[in-house]
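As written, the chain order gives the labels A, B, C and D, with residue 1 at the start of each chain.
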Amino acid sequence: MTTTGVIKIDVVLQQLCRAFNTSPFFHHLNMKMVLDGQDIKCIVDMDDSLIGNVAFQILHGGVAATLLDSIGGIVAMGELYKRADKDHIADTVKKVTRLATVDMRIDYIAPGRGRQFIGSAEVLRMGRKGCTTRMNMHNDEGKLIATGIASYAY
Amino acid sequence: MTTTGVIKIDVVLQQLCRAFNTSPFFHHLNMKMVLDGQDIKCIVDMDDSLIGNVAFQILHGGVAATLLDSIGGIVAMGELYKRADKDHIADTVKKVTRLATVDMRIDYIAPGRGRQFIGSAEVLRMGRKGCTTRMNMHNDEGKLIATGIASYAY
Amino acid sequence: MTTTGVIKIDVVLQQLCRAFNTSPFFHHLNMKMVLDGQDIKCIVDMDDSLIGNVAFQILHGGVAATLLDSIGGIVAMGELYKRADKDHIADTVKKVTRLATVDMRIDYIAPGRGRQFIGSAEVLRMGRKGCTTRMNMHNDEGKLIATGIASYAY
Amino acid sequence: MTTTGVIKIDVVLQQLCRAFNTSPFFHHLNMKMVLDGQDIKCIVDMDDSLIGNVAFQILHGGVAATLLDSIGGIVAMGELYKRADKDHIADTVKKVTRLATVDMRIDYIAPGRGRQFIGSAEVLRMGRKGCTTRMNMHNDEGKLIATGIASYAY
């Protein structure tokens, strides 16, 4: 277990996952945040209710957008905690609470086919007032389905 | 009633709305395409299941993304039919069938508060192989909540 | 002449234009900010040095990107001054000085043909820590050549 | 030396670099495409004429936009040739000739400081009618300054 000052980072990341997993819309889509070591992933199983185009049986682009926005946001929050200074933990908590998406771009790379979709993210920039995160959504065969980049403010 | 060559455009737009309204994910979110004259709008009522942040009671960004992507796509399809030449109607049908989102940018302008959210779109560019559409989502008080711009290929 | 508290807004907007017009890269491209009432426009004349594709004699996309980024930035700065409260003018000056582009999307709508290109912008969102601006570049015949949307932080 | 059917790919990539290097605007900014094995890079040396903000002595964002758009485009063209089938080489040439930027997003990650800036790109999606490319611009110390993602049509 790692501690950043007084923060037990594993505990904090677990709490973030729990908070996202109880968000109503997130739950409505049956999405889940899971912790793999210190990396958070977002997972959603293919389901009839998530299909956009019945003829082609592919995931609706809005599901990918939701997943990418969410994994970008939670990974940014986790990074804020990882970099938190024990003397300024109140400031970090305030940033995490305020964090909101300013804008996002999604590129649809391949048709949304698969049994499961997995989202991951990395922080490209972490500034005083906002950050930039890159996100990917792969299917269960490791194929890149969609990629995103988003700016968050806090 | 207007006819573009052999196409009765009102009938075609009604059919497009019906097709979107039976898409599983669209239905799962309780979104609806409605025809107002020859303009298509996308409507969704606020609902507990669409909330992202319980503390602030605001719409999840993924709902806005789904609405913007959808209204952009259907308005592009409608425009393809409006510009269709009766001699090349088969070509238009093929384009509409193939139409897919290549990329989309969403800007979140104001917190997603309201009783209802309404999406509208306009085509900025219509090329041989793709088009560019701008989309807006307002709430029931006329406040701009989110704006989007997307490229579609066909 | 309008005054916002102690600020003479016309004078401030003139100063902003002057500051941009002396920026080396801006000058290298022969771009100019001009004040039309209280609206700032960005103007560039077509020139051999700005051509991207010799065969088609069209403006390089990078010229449009430079113009859109610049007009969005200066209009955001002007808006900060227009909304400035005389009691917090130091805060406004700090924001204007710090203002930097976080991200920008450009959509190329029509080939860059024309004798002159004119950029304009409007502020869509003005927050505590950043803003969102939409920009357009038309040619001298009023044709929309490119549109942009950008997030700035301050 | 590799040959793809009848194409000598090294020769083709050299020709692409030469074509870009004679583009007027590219030349005006003193940018250069260089071939490193089969990878094309775009290089620009810091110069007084490329500065946006004199006080901070940083590169104008428009220079980064030009570099990212250009490296994305040339790498997409190179990839079209690399994947070309000797039986359809005329089709590939037509695509390369037609290739144009549809839209681009740029994220500014760090202030544009450095003695030299180097752009690289990778193709994320290559479709029948268009492709998606991700681009990065680093400075001579290997620091990421800006990243982009663009859709091109052909």
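The rule is short, and it goes like this: contacts are C-beta pairs under 8 Å (C-beta built on N, C-alpha and C of every residue); 3 or more make two chains touch, one makes a residue touch a chain.
A quick note: this is a predicted structure, and the numbers were derived from the prediction, not measured.
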Any chain that touches subunit B and subunit A: C, D
Interface copy of A-B among A-D, C-D or B-C, judged by whether over half of the contact pairs recur: C-D
Angular offset of subunit A relative to subunit D [C-alpha, multiple of 5 degrees]: 180
Euclidean distance of C-alpha centroids - subunit A vs subunit C, Å: 34
Overlap residues in subunit B, where contacts from two or more other chains coincide: 102-103, 105, 107, 132, 149, 151
Subunit D partner contacts - residues on subunit C that touch it in the complex: 22-26, 28-29, 48-54, 60-63, 65-67, 69-70, 100-108
Sites on subunit A touched by subunit C in the complex: 102-103, 105, 127, 129-130, 132, 149, 151, 153
Subunit C-facing residues of subunit B, complex: 105, 107, 109-110, 124-125, 132, 134, 144, 147, 149, 151
